[in-house]
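Labels run A, B and C following the written order; every chain starts at residue 1.
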Amino acid sequence: MDISLIVVQAFNALFYASILFLISSGLSLIYGIMRILNLSHGALYMVGAYVTYTVVILWLGLDWFSMILGYLASILVVGGLGILVERILLKPLYGKSHDLQLLLTFALILILDDVVKMIWGPEYRAFPKLPGFSIPVGDFQVPIYFIFTVLLGFSVAIVLHLFFTRTTVGKMIRAMTYSPEVASALGINTDRLFALSFGLGAALAGLAGGVAVPLYTASPGMGTEVIVLSFAVIVIGGMGSIKGALLGSLIVGFSRVFMVMLFPVMEIALIYIIMALILLVKPTGLFGMEMRERR
Amino acid sequence: MRRDAELYSLILLLGVLAVAPLFSTQYTVRLLTVGLLYGLAAVGFNLLYGYTGLLSFGHAMFWSAGAYGLSIGLVRLGLDPLQSIGLAFLLTLVVALATGYLSLRHTEIYFAMLTLAFAQLIYALIIKLRDVTGGDEGIYGIPRPMGLGEYYYLVLAIVASLVLLAWWIVRTPLGLGFQAVRDNSSRAASVGLDVSRVRLVSYVISALYLSVAGMLYAPLNRAITPDIAFWTFSAIIVIMTIIGGVRRVAGAFIGGLIFIFININAMRFTEFWQLILGLILAILVYLAPEGVSGIVEKVVRRVRG
Amino acid sequence: MSGAEEVLVAEDLHKWFGKLHAVDGVSFRLRRGEVLSIVGPNGAGKTTLLNLISGVVKPDAGRVFLRRSGELVDITGRPPHEVTRLGLGRSFQIPNIFDGLTVEENILISLLTRTGRTGVVRRGYRDFPELEEELSEIIETFGLGEVRGRLGSELSHGMRKKLDIAVSFALRPMVLLLDEPTSGLTQGEKRDMVGLIKGLRGGEYSFIIVEHDLDVVREVSDSLIVMHEGRVLAHDEPEKVLQMSEVISAYLGGYHEAIR
């Protein structure tokens, strides 16, 4: 096989993995701290995509500066939305059955999908082209936007890592992930951390949407497929682990892109087969620890 | 006393459904048929969820196994109806045993996510195995052996017997075992119940219910598309059940019928029917987590004093 | 007592949790009809020992044998439901019952598993007249008559405790493990519980009881094990053990203070 094709596909896979990482790290964070499986995480990603689209295409015009503003807008809007959802909708459900939380986040998908349809209409919203130029690799082109996204993804991974290992708030959050009882015994204000975590997780989903929209286009319901892939990512990597989300994203990204090339029939199926195999060998995922459900 | 009340309300409801077509248009009969099948699906799902305590987010795969198994047999392979039904059951059993074996090692959220992932695997296969499943376009020209009016009564007869069977199962030692595992699985093991076996039995029975609903759905519609395998359909099965109420067989059944009712009316009102559905669901989560049957029971208890 | 055959034998059981040697070489023999009590401070490994015997936790080393139709059968590492079916029942420190089921249904489950009817679908679970009779007897014995129709979640702590033991007793186990049967009970309830245990003992049933209250221990036990840091410190008749100077001075004195 042509080596330049492999290089291009590798960038493709890295791009895809970066976006998956941004989504699933937030999902994993929320699960790790709050033990809530946020089904609406894909819908938050969708809102992020529409916000960046609006800022860049409808308001400012396509250039790098407006892209950055678009990302910031997505982070703020979706992060704020996340905090509102946590404070107003989820808080009354703490201490009740997990199923109710799951249902509520599903209701949010239905609501957000239609709200997006009301505001932006049902049609697909596409970027005319990617921001920036492309680098030729053999007979193919690698858009600079791919490289930018990959760098962004890795920077976020590093920032998250530093946040959780170096800052007080980050350490508190990790303490909660390990043992909520100990954390509250230490006098950590779990209430505020819950809001913060959900907001942060949502903001990451919003950023993912903003980063993805130039390539994948925005449409109502765009979150419903990606959410399931993110589940696969965090199950493979281990729920609640940022490292796991990174490795899981890379596994899913690469296996998907190269399966499309080699054996298209098994494209998505392979991801779930990998997931099943990993769970057979290591039920908590690659970097997962034993986590007790919170009652 | 309360048990009999549940049986009587089920019989009453089925009786109403038996005469309903006499006062309905073709369109409504069609909707009622779908409502019956949704009700059946909810009852089957609830054996696993409400009675055994396992929340599956992938039950669309069993509905699809039934619908696709039957349609592939009838349309692609040219089998006769009986053979096609056999094929559909076989497919369902294979899917249920394989996914059950793998996912039942976990409970709660992990179980929900695993079933979701396996269902998406089935969905991916349906999309990709174009020659067999028709891919995105699905399968057309599925024969229905009779007119819509007669088909309704066939469906009603099958659904009625299976719903009553479910009512019975939860009153047998097997069903009591389901509930014991739901309430406290470690205690269930310490009184001698083989918890993993109980869970697998419940999972497979539940899958078969969904499969029958899917098998009856394909000829009704005369065509099937991969939508019925996508995870959002699994979520709808969960929602219908919760709307109706998970503590009773009758609750889940009513949930299926109510869901169709809400859905159609919301659709008639506005193109943003999903929003309405989402709001109703959210309201139920806060105000009536025990569902419509829970509300009815409360009211009845209050009236009786 | 000493002439009766052994029904349960534990041989050199070990369990580590990380670096903690929770159970460190415990061996004992339980004879038919014997009531063996285990005392020791919190963290001595008592509950872990029960978990090793009942199959909830697998031992890292050692064996457990249970008498089964005349022979001692190795039950080490078998899953809990199998151990139960072989004739070993247990109750729990924190009452462990089925909250969504009624008192009657809680006990019925044991009767159904014991009689091998768990998979039955041809009859309703209330359609076994012979079980109904036994059910009423057990409810009578355990003083649960007034609450027989209530859900597990609606019971008081004392009632839950009784129901927990009733559920295990309904299995008619050869050996019954009771984990702190009197903890959290009022004085009156404690008296009832002691009466209940004394009523059940003798004859074919054997008991292993983990208990903090030494008065209860004196009253119901035939023999007593003192555990400390995973090891058996003493094992003999209760009065002898409680008078052993080393036990008193090295350990029980302080322990006695600690539990007051």
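In this text, contacts are C-beta pairs under 8 Å (C-beta built on N, C-alpha and C of every residue); 3 or more make two chains touch, one makes a residue touch a chain.
Quick caveat: nothing in here was measured; it's all calculated off a predicted structure.
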Category of the chain touch graph - line, ring, star, complete, other: line
Centrality ranking, top chain (CA atoms only): B
Furthest chain, CA centroid comparison against chain A: C
Gap in Å, rounded to a whole number, between the CA centres of chain B and chain A: 31
Centre-of-Cα separation between chain C and chain A, whole angstrom: 50
Chain centre separation (chain B, chain C; CA means) in Å: 42
Per-residue overlap in chain A, given as positions that touch at least 2 other chains: none
Chain A contact footprint on chain B (complex, rising order): 55, 102, 105-106, 108-110, 112-114, 116-118, 120-121, 124-125, 128-129, 230-232, 235, 238-239, 242, 271-275, 277-279, 281-282, 285-286, 289
Residues of chain A that touch chain B when the two form their complex: 31, 35, 37, 39, 89, 92-93, 96-100, 102-104, 106-111, 113-115, 117-118, 224, 228, 231-232, 235, 239, 264-269, 272-273, 275-276, 279-280, 283, 293
Touch list for chain B against partner chain C, complex: 168-169, 171-177, 179-180, 182-184, 186-195, 198, 201
Of chain C, residues touching chain B in the complex: 54, 56, 79-81, 84-85, 89-90, 92, 96-101, 105, 108-110, 112-114, 117-126, 152, 167-168, 171
